[in-house]
Every structure is written in C-alpha cells, then in structure tokens.
Amino acid sequence: MTKMIEYAEAVPEVREVYDDIMRTRKTDYINNLWKVLANHPALLRRTWEQTRDIMGGPGVLDPLTRELIYLAVSVSNSCEYCTATHTAAARTKGMSEEMLGEVMTIIALASGNNRLANGYRVEIDERYQ
Amino acid sequence: MTKMIEYAEAVPEVREVYDDIMRTRKTDYINNLWKVLANHPALLRRTWEQTRDIMGGPGVLDPLTRELIYLAVSVSNSCEYCTATHTAAARTKGMSEEMLGEVMTIIALASGNNRLANGYRVEIDERYQ
Amino acid sequence: MTKMIEYAEAVPEVREVYDDIMRTRKTDYINNLWKVLANHPALLRRTWEQTRDIMGGPGVLDPLTRELIYLAVSVSNSCEYCTATHTAAARTKGMSEEMLGEVMTIIALASGNNRLANGYRVEIDERYQ
Amino acid sequence: MTKMIEYAEAVPEVREVYDDIMRTRKTDYINNLWKVLANHPALLRRTWEQTRDIMGGPGVLDPLTRELIYLAVSVSNSCEYCTATHTAAARTKGMSEEMLGEVMTIIALASGNNRLANGYRVEIDERYQ
Amino acid sequence: MTKMIEYAEAVPEVREVYDDIMRTRKTDYINNLWKVLANHPALLRRTWEQTRDIMGGPGVLDPLTRELIYLAVSVSNSCEYCTATHTAAARTKGMSEEMLGEVMTIIALASGNNRLANGYRVEIDERYQ
Amino acid sequence: MTKMIEYAEAVPEVREVYDDIMRTRKTDYINNLWKVLANHPALLRRTWEQTRDIMGGPGVLDPLTRELIYLAVSVSNSCEYCTATHTAAARTKGMSEEMLGEVMTIIALASGNNRLANGYRVEIDERYQ
C-alpha cells in the first residue's frame, strides 16, 4: 500500500494544501486519501482544489444534493473508500437515515432499469433523441 | 432487436399497465422501454410499479433530486437510453441547463476520485469505518 | 472504425481461422468481430480458439446455460455488440422469449442488490467468508 | 458502517419480513444484508420480496441456473458481498467446484471479448440488429 | 441531445477556450465534446485545461504512453466517444496497428483476470499488501 | 473463500503450471491467484499461459508499458487484487513513484471525461467515425 505522508514530513507544496484543507473544513484532521495523494503533490493539489470548489463552491445545487449525487456515483463505481467518506459527509450536511434509504432505493432501481434498457437494446424514442 | 408491443396487440395484463402509465403520467405516449418489457408482462408490471412508486411516490427527497440521482447512476452505468430519457424527465421536473452542468461536473469529479481511491488502495479512515 | 478484413484479402493465418470458424459453426458467414480482430492475427486466433473451446467444448454446463451466463456478463459490461450477438446465439441454442425475460429479470435484480450491498457496505457474514 | 437491526429490536414491519425470510429459507439465520436494509423497512420488504419471488418462485429457468446468472452479474459488478453469498447459495443448490470453474471461465472470456468489441467499436452485423 | 455551441455564437469565456484549443492543437477544428461542454463554460474550461496539461504537459511518461493508458480506461468504462477520439489521438502520436492490437490484447486479458480475482475472492498476498 | 492449493497437494497438471511459473518468474513463490485457480486446472493453465505470453512474450510494447495498461484496466474494473499485484509488478519493471502518480492522474482524468461524453451523449465527430 502506498505510504501516507504526515504533515511533519511533508514538502512545502503538500503542507500548503494540507493547511487549506484544515482551514476550509475547520478541522485538524487530514483524510487518508489526501495523505496518499501527497506522494504526487500536483495530483494532491488538483484533486483537492477541484473537490473543494465543486462540492463547496457557489452553485445552483445545494451542498447536500451535491453529496447525494457524489455518493450515488461512488456506489455505482464500487468505490468503498468514497462510499464510506461521502456517506459521512452527507450526514454532516443533513442526510437523515431515511434519506439514505431513499438514495439507496433509487440507486438500486436505476441500476436494474439501466441493465434492462441495455440488455433488451431498447431504441431511444425519437422524442428523447 | 426485441419487438415492441403496441397497445392494440397487447394482452390484457399489459394493457392494464399501459393504462396506468398513461393515467399516472397524464399522457397518451408509452416509452419504448415499456413496449419492449411488455414481451414479459410480469417484468413490465414489476418495473413500472417500482419506478412509479420510487420516483413519484411519497418520500423525503423531492422529485427533482430523485431524478438527478437516477441520472447520475445511469451515466455511471453507461446506459444511453436511461441517460436520454431521464435527462428529459429531469428537465420536466425543473432541471435547468446550469443544473445539468453541475450534475455532470460532480459525476466527472466523483468518477475520477473514485479511481484514485481504488487505484492507490487508500485505507478507510478509522472514523469513517 | 477499424477496417474489416474479408476472406479474399486475408493473410493465410487469418484464413485458417476463418476456415475453422465456418467449419465449426457450419456456416459461410464470418461475424464482424472476427473480421475486425483479423487486423491482429494472433489476437484473432487466441480469441476464436478460446471462445470455441469454452462455449462449445466439453464441460459440465450445457451450451444454453453457458450462453445465458455470457449474455448476463455482456449486459453487465454494457457491450452492445456482444449483447446482440449472444442474444441471437442463445436463441439458436433454445432460449425462448420467456427465458430471456427471466434472464433480464435476474440481471436487473442482482444489479440492484449489488449496489445495495456495496452502498451500505454490508459486512460479509462470518459463515460466507 | 450502518447499524444491523436484530430481531429483538426490530419494528413490527421488519419482524414480519424476518419471519418470512426464516420461514421461506427454513432457517433461523438472517443474513447481514437484510439486517442492514432493515434500517429502511420499505426497502427491506421490496428487496426481500423481489429476491424471494425471482430466485425461488415459479419460472422456466431452474433455481441453480438462476443462481449462476446472479453470480455472474455480481462478479461483473464487483460486489464482494453478493459474490460471497451467492457462491454459497449456488453450492447449496447443487453447484460443484467444477461448475464454479466453468462459470468463472465464461465470465472471464466474456469480459475480455466485451472489451474487444467495444475497444475496436465493432459494428453490429445486420443479421443481429 | 445537448446543443453544440459554435464559435460564432459562443460567449467570450467559451471563445477563449476554443482559441486555446486551436492554438494548442494547431488546428481550426473543435471536437464535438468541447462544443457540448460549452453549455457550461466553467466545466468546459476545467475539462480542457486539465486534459491539455495532463495529456500534453511535462511529465515522465511520453505522450503516446499517456494516450494508451487513456484509451485503456475509456474502453473499460464503455465510452464510445472517447474510444473513438483517443484511438485517433494515439495514432497521431505514433500508435501502429500492431500496437493497437497489443493494447486490446492486454485490456482483454486484464479484464478477464480482474473478474477471476474478484469472482474467486482471492486474498491479497501478504507481500503485496 | 475458495481453498488455495499448495504444491505438495497439487495434481500433476497443476504442478506443471506451478513449475513453469517459478521457472519463468525466477522465484519459488506462487501468487494466491494461481493457488485459487488451481481448483480448476484447465482455467489455471489457460490463464497462466496467456498472462505469461501477453505480458512477457515478444511484442512492440515494452514490458513496463504493458504493465501500466494492465494496471489502468484493473483500477477501472475495481479489482483490488490485480491493482495490488500489478502495482508491484510495474515497480519491479521500473515504475517510479512519479510514474505511478502520472498513471493515476490519467486514469482519473479519463474516467471523468468518459462520463462527460456519455452523460451529455456527445455524438462522435464524423472524422473520428
């Protein structure tokens, strides 16, 4: 497994990102994902800045809705790490147990229907082209 | 490609579902997906009833949010039919071009991050276990 | 799109495979997949021989069951070409419209349940470890 | 990780499903999946009833063939939980070690061929349209 | 289908990106992907700038190797658009027909082996942990 | 979990493959994957021989490039076992930490762009057809 880079041993470019993470999230905890990406500082910076801007920056979708979409994608891509951390993030932003149940219900429904449409090779209706 | 069953030639069990679709959706149009599933009436009924209840029934998530989650899953599963029809459905329920852009942005972000977490085999933080 | 190699223009190594395909399948038709793989003769040979042996050689699963499994995988992987050709192959080996409906029903069910188990990160029961 | 709901603490709607599971499967063991879905009783009921009917109800495919298809889908979707439990279920219904080997062989073959057809963008033969 | 934005009708922010694309690629052709993303200028800019920097900027992997990796991912994700455009891009950067054949061979091999490892739930060897 | 077959208890056909693995790789260590596949000797032989020939045999792509492509596919398919073992294999063949970072960066980029192209249903440009 790739080494996790702690703050104390990090190069300045990585520390700068870590500082921004802690400041933005109002925490002193750095998630394992960032500590692993720190092995490639440019990747760490790019990934963090995008995630920060897209999930927390200005936009027409509220932060919770963004998290639910992110979670649905992570489940669909079989990413256990992201499923775990974004379930937690969604709870922090107000997701109730019932909402989680509905999200999972929709994911399961869509996944099944997706396979039916592909499996039967249903032609797209002219009006939805 | 599997034959599409039109109303005129449908068996009573299929017609009943078609009637419910048209009543529920206030339309006289039956999507190709339903016409294909009609080859296996039990599958048609099950799929329609679930979709109707989950996407339109009572729940804590509003109908538009449900559509956005459904769309995100469909894109992640490479289902072109569902992507086309649920982009249309989301627009009907109020999705603006800007919202679509944000949904796509989140899908792209999450898909990339999902691969990073899996690719580096990042261990789940104890606090997110 | 990659050029399809017809018999008349094929190199001897490719012709040999084409001959084996026609002999094995008792047909004079070569599917597009083989004509495309013929651009890389070693890949054509390997893919054909494996497919011939695994789908048609001796084994404990009957040929139709093998086709249904192959079809289920192809639908899950969003391969339209393989879905089309193996739906046809399964019909040739005895798949009825009703069987196709059941296969699709199981694929849809499993796809949904797969996402639920991953989405909720359900721990594997000790007895199934 | 989401809490697992034991029988003793379950609400009546959940207990009713648990009772049906135990009766149907002739066991006093409830799989972890059901205990997790019990956090959202409607999802538990829907998932259980569908799984019960589709995998065990009347149909033209025998129960073992259904399990093999379910297993092939679960492997293709990278669902470790479902792979583990349905490998066990298939064994219970008669899958031998040799049959498992053949299923895995077909899954691997199809997965590779699926990518070849998509990677080379092979056009679907007119006769399979 | 989402409208494609032509240069003549584009807002200044989009034109700026189009100009950079044409300058960087030494062409006057704008791919359909960019014309579609132009519906959401921020997404267009982000996607273009990342793609430009990662695929063409300084790095230890040569440009052709980068394209082959990009192509392998696109095939694995069933993205026909990206498979088509990046097969073309790889050819421009020196990919021969034989190299394409080898890439496809490796993709097919890995896809099959991936399923075997997941399907049998092979435990990771201590030395590769 | 499927039993792993050790050399001492293996049937002759399996031992022959194990011998070839150890000879080819100049090691006395047999990976868990092979020990599991040994439950189905024909699958073991086929998988080993293909992997040996495709990853190590003659070809126009150098061995490290092959490994990077294999790794990119394994990450895209969410195969943790193959991701772990082929990250190790790539390092053995010369992959530096920086190269790994670039591979991951490209995988993340392509995965995101793949979803954008599919999500917006971008039509393939005539010139890339």
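The first chain written gets the first letter, and so on, giving A, B, C, D, E and F; residue counts start at 1 in each chain.
Here is the rule we go by: a contact is a pair of C-beta atoms (placed from the backbone, for glycine too) under 8 Å apart; a residue touches a chain by one contact, two chains touch by 3 or more.
Source: prediction; values computed, not measured.
Participant: What are the mutual neighbours of subunit C and subunit E in this structure?
Facilitator: Neighbours common to subunit C and subunit E are A, B, D, F.
Participant: Among the remaining chains, which ones contact both subunit B and subunit C?
Facilitator: A, D, E, F
Participant: Treat touching chains as neighbours and tell me the shortest step distance from subunit B to subunit F.
Facilitator: Between subunit B and subunit F, the shortest chain-hopping route counts 1.
Participant: Sort the other chains by how far their Cα centres are from that of subunit A and give me the top one.
Facilitator: Max centre-to-centre separation from subunit A belongs to C.
Participant: Please work out the Cα centroid separation of subunit A and subunit F, and write it as a whole number of Å.
Facilitator: Using C-alpha averages as centres, the distance is 27 Å.
Participant: Quick check: how many Å separate the C-alpha centres of subunit A and subunit B?
Facilitator: A distance of 21 Å separates the two centres.
Participant: Identify all positions of subunit B at which a residue touches two or more other chains, and write them in rising order.
Facilitator: Each of 1-2, 43, 46-47, 50, 76-80, 84, 87, 98, 102-105, 107-109, 111-116, 118, 120-121, 129 in subunit B touches at least two other chains.
Participant: Chain adjacency by touch: line, ring, star, complete or other shape?
Facilitator: complete
Participant: Quick one: in the complex, what on subunit A touches subunit C?
Facilitator: 71, 75-76, 78, 80, 83-84, 87, 103-104, 107-109, 111-116, 118-121
Participant: With touch defined as at the start, can you tell me which subunit A residues reach subunit B in the complex?
Facilitator: That would be residues 1-2, 29, 31-33, 36-37, 43, 47, 50-51, 54-55, 59-61, 65-66, 68-70, 72-74, 76-82, 84-88, 96, 98-99, 102-103, 105-107, 109-118, 120-125, 127-129 of subunit A.
Participant: Residue numbers of subunit A touching subunit E in their complex, please.
Facilitator: 1, 46, 50, 129
Participant: Can you list the subunit E residues touching subunit C in their complex?
Facilitator: Residue positions touching the partner: 78, 97-98, 100-102, 104-105, 108.
Participant: Can you name the residues of subunit D that touch subunit A in the complex?
Facilitator: Residue positions touching the partner: 1-2, 39-40, 42-43, 46-47, 77-79.
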